[in-house]
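Here the chain labels run A, B, C and D in written order, and each chain numbers its own residues starting at 1.
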Amino acid sequence: MQIGIVGLGRMGGNIGRRLMRGGHDCVVYDHNPQATDALAAEGATGSQNLGDLVSKLAGPRVIWLMLPAGKITEDTLNDLHEILQADDVVIDGGNSFYKDDIRRAARFRELGVHYVDVGTSGGIWGLERGYCMMIGGDEAVVRRLDPILATLAPGRGDIPETPGRAGRDPRVENGYMHCGAVGSGHFVKMVHNGIEYGLMQAYAEGFHILRHKESAELPENERYTLDLADIAEVWRRGSVVSSWLLDLTAGALASDAGLERFSTEVADSGEGRWTIEAAIEEAVPAQVLSAALYTRFRSRDADMFPERMLSAMRFGFGGHKEFPVK
Amino acid sequence: MQIGIVGLGRMGGNIGRRLMRGGHDCVVYDHNPQATDALAAEGATGSQNLGDLVSKLAGPRVIWLMLPAGKITEDTLNDLHEILQADDVVIDGGNSFYKDDIRRAARFRELGVHYVDVGTSGGIWGLERGYCMMIGGDEAVVRRLDPILATLAPGRGDIPETPGRAGRDPRVENGYMHCGAVGSGHFVKMVHNGIEYGLMQAYAEGFHILRHKESAELPENERYTLDLADIAEVWRRGSVVSSWLLDLTAGALASDAGLERFSTEVADSGEGRWTIEAAIEEAVPAQVLSAALYTRFRSRDADMFPERMLSAMRFGFGGHKEFPVK
Amino acid sequence: MQIGIVGLGRMGGNIGRRLMRGGHDCVVYDHNPQATDALAAEGATGSQNLGDLVSKLAGPRVIWLMLPAGKITEDTLNDLHEILQADDVVIDGGNSFYKDDIRRAARFRELGVHYVDVGTSGGIWGLERGYCMMIGGDEAVVRRLDPILATLAPGRGDIPETPGRAGRDPRVENGYMHCGAVGSGHFVKMVHNGIEYGLMQAYAEGFHILRHKESAELPENERYTLDLADIAEVWRRGSVVSSWLLDLTAGALASDAGLERFSTEVADSGEGRWTIEAAIEEAVPAQVLSAALYTRFRSRDADMFPERMLSAMRFGFGGHKEFPVK
Amino acid sequence: MQIGIVGLGRMGGNIGRRLMRGGHDCVVYDHNPQATDALAAEGATGSQNLGDLVSKLAGPRVIWLMLPAGKITEDTLNDLHEILQADDVVIDGGNSFYKDDIRRAARFRELGVHYVDVGTSGGIWGLERGYCMMIGGDEAVVRRLDPILATLAPGRGDIPETPGRAGRDPRVENGYMHCGAVGSGHFVKMVHNGIEYGLMQAYAEGFHILRHKESAELPENERYTLDLADIAEVWRRGSVVSSWLLDLTAGALASDAGLERFSTEVADSGEGRWTIEAAIEEAVPAQVLSAALYTRFRSRDADMFPERMLSAMRFGFGGHKEFPVK
């Protein structure tokens, strides 16, 4: 099946590669000509600009955008709005906010252009493992994209079957799901990332407790110096907390027990924040997901004004000056 | 290898079965004679009481306790203290508090009896999958137990190897780990359970947000009715949040989308609480693990006094009476 | 000074009363004619509708809206947009979202109409104690309103002076503050309410711990049956946690120790939610303020799906069925 | 009334001064002779050691300990255990853990010596404002101490009376309360401090949100540069969040808007930790109080291992390297 791909970064480039390996015909464009050339060298049809890409696709076209969420995606969709035609399909495979999908889709609908949002998980591993995809849009259009989606998805692999799924949509077990109307794909992916933050923080706190068990402030006979790499490894094997994130942790710790080469400042992307905003809109308590997000905020805060306020209050009522003022 | 097993409940019985399948010779005792008889019928040597069990074991003995943490374990260890002899080994495989291990081991040490603590994960799945074990005690004694531990452990199975582990203790990859001195096995298992709470709560919050996305309080064009069972399933396949807990969730949702048959009151065991206490002793922040524990407390609170206090304050400053007083 | 007041509910009516007591001339309107008549009977000039109110005010007019945030405020402002004239001042004294202020003010600015936002604290106590006001808008316009603001504010009263404030804006010590440009008044009031949630929850948790100290699950010699009303009272007198919220709590507990007449379902207004959204926009961790908000969400959740998920997972890995399924 | 005072630091010295001003006869001892001499110069009877102090007191004696909780208090009580006689009263006015009170009181009871615990709030302000006291012990003994307690307490002052307290214990309104059996005084004081942490953190988070509202990352028309000192001041006057902690905050900000002279590392004392442990023992959710404690832990953590773990996982699944590795 023929497909246009716009945005050939880490994710977009590999999506193109996986599609070509699956026998699909990719017309590609990146604002960086070297990226375009690189994929062309692997068998894709390169293009000079959006118009060139569109002209090289037979109608009704299918165009997959894999761009950073925000202004770049918005601008590109605005440009495509000028040149796409009725029954073309535009797919936003990036990490857009689902309310932007709803707004954009309404605008494309006036032209008869179909808008599909795909939340794509799998990161740098997707090329080999396949991409887990959460999809929003009209059912008939999503069905039309099935050859592409089936190629990108991981497939059943050797993951054990879940009992009780007889009669359910078999696409899901292949790793892609039509979640509902436009925006629902990105919404489900957003919550996925919110959960991801929570899981990561749960591991981080637990390993922090393990690591500090050698603290000299504890009674001497209650201290242990624990091998965190071995603990992560043994938990991969039959324990309740086994997971892919634990696999990655075990790998990181095996080669660098103190994780010294990693940053103490942790970025957060839009999805974590939007998840909390969604929880608040729905009046759903999200203690753990919020706490995980806030830990990241805190990791990047150089101001530490709230701590100063606590110190100021303690000084105010108790004259406490335990710590050297810095 | 010969071993005595005391406590033949869900865990202890299956540990006996897995050991017998592995060719070990089990002498068993449970205060419920029917439990003893059941395992005897499967090939174990039954015994009438602790003294009988000890008399049927050749010295130096190895006795594995698989009893509820607390009074029963304490009483049984006190009884064994009277009858065990130098160089015997007593193993507490239950969920004891690690500080109890330290105290008990010191007392047994006076007799020359070795005390080993084993944190055992795997639950009802351990018979088939094997048990992930975290072990505390003297290295020579733990080595002596290796035939038993190797049988109980899951083994390497088809779990992918973690890169960078060359030269490390191969027992870990078979699913059991000698963590350190007495108590360290239960300490590591305790933190494992603390993490487990956090992971579970992260999923629960995320699925709560997904479920309430159909709420009538949201703008109509921003509502989705999402299939939670399919979402859990698709995330098992190539997503970042795949885990064994997610596998179990996918199974539960596949057959009962509203989980109506499950309780809204969630129990917590000692480990979750002890994990928070350990964090506090170490001055380690544990926002997520605490929040997860508190959610369980809250689920069982019929008093709801704090909520009444909030309502009383709101009434006090604002005359708010929005909700019918119940 | 002459002023129009739109919205004569609990807050708006008392604002009118306090202004009249201060010698101001109030022209009032409420969509409920009885509310209008009631205030007219106390000396205000009643009006039949917005147009009537505007016609009874000499230009340049000052109109204070005291309406529920949201649609009613928006509609009323739209109506006023049609009939106000250059140099008139419209004040939103309700609990509007500050971004709405920014948007609305821009629209009024095109007409030469000034928009001022006033976050008003004081609730049902404001008539006697005065209203603490946080104000956003142009300095010249806010100065023009000074006679009104000074009357509504509590004044210095017998609250001890804060050292170090020499040379600062004296309005602040009288209980009203010009915070900055349009929207800043409501923004500061919003954060005020966010803090209020956190303070309330801190007390609620503490008293919960005091109350459960008589629990039969504790060791018998560690139980106390504590008099919460007396504790609240004694803390009002020289302790670090004394506050107006504690005063209110002491009053509520004195007459109803179990607070049985108060609801277990706690409402939340927009400000608490917006505060968290502001924190997220600013990447500021707000653990306590979020936790306080979520407690309220949880108090109203009849679904308890997340708890069911936890129970389902516990059943999945451990066969736990401790609680009767409901 | 005659009283012995042991420990003449910031708190103990001022307690002696306030008692002498009230006409009481103080025999004092501090291990630092200069501290003893200083108080003797103000009218107290100095003593050389514990034995000397005891010998200078007429029986039945009353001795008030005002020492750091922990080893010093324990050692001093052990020494007093050797020399006190039946019907003497020993008072621990420090910040001891209430379970230590229960244990110590049982041991003194064997001698017929009465043990009373007093949780004392008021800090450096107590000399002038009086001390808010929470008292545990036998009613008859507490009554015997009334002359001392009444002098130390703030008295009614000009704090408005709480309605509905007719017929209740009038001591409470004078700022001291007999909470219950031994230990209950320190237990109530402990929870007081737990609440204090929560209140402080609520303010700190709110002011953090106010302060970052000028962040360059926000849309330009949504930024405000807010005067935090004025905001704290205006909230003291008629707002819902007025409190003594806010008074102190207003004072600190008035002279140092950025609080630059205060530490970013915030100490925590035992009470905050014990409050969480009490909550866990009682199965009471304490989200806010825990979050407040953890913020302090985090402020002193130089390791930042959990943050490194998050970065390592992000690198593992996504190749994220947004932040320079430090």
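Structural remarks
We adopt the following convention: contacts are C-beta pairs under 8 Å (C-beta built on N, C-alpha and C of every residue); 3 or more make two chains touch, one makes a residue touch a chain.
In this text, all values refer to a predicted model and were calculated from it rather than measured experimentally.
Homomeric contact chain C/chain D is classed as same-residue, with over half of its interface positions used by both copies. With rounding to the nearest 5, the Cα superposition of chain B on chain D corresponds to a rotation angle of 180 degrees.
We define each chain's centre as the mean of its Cα atoms; on that basis chain A and chain C are separated by 38 Å.
Rounded to whole angstrom, the centroid-to-centroid distance between chain C and chain D, based on C-alpha atoms, equals 31 Å. Per-chain CA centroids place chain B at a distance of 47 Å from chain C. Residues of chain B in contact with two or more other chains: 123, 125, 201, 203, 205, 208, 212, 240, 244-245, 251, 283-287, 291, 294-295, 298, 317. Within the complex formed with chain C, the chain A residues making contact are 240, 268, 273, 276-277, 280, 283-287, 290-291, 293-295, 297-298, 300-301, 317. For chain A in complex with chain D, the residues that touch the partner chain are 10, 123-125, 200-201, 203-205, 207-208, 211-212, 244-245, 248-249, 251-253, 256, 258-267, 287, 291, 295-296, 298-299, 303-320, 322-326.
Chain A makes touch with chain B in their complex at residues 99, 102, 121-123, 125-126, 129-134, 153-154, 156-160, 162-165, 168-169, 172-177, 179-181, 183-184, 187-188, 191-199, 201-203, 205-206, 208-210, 212-213, 215, 217-218, 221-222, 224-227, 229-231, 233-247, 250-251, 254-255, 275, 278-279, 281-289, 291-292, 294-295.
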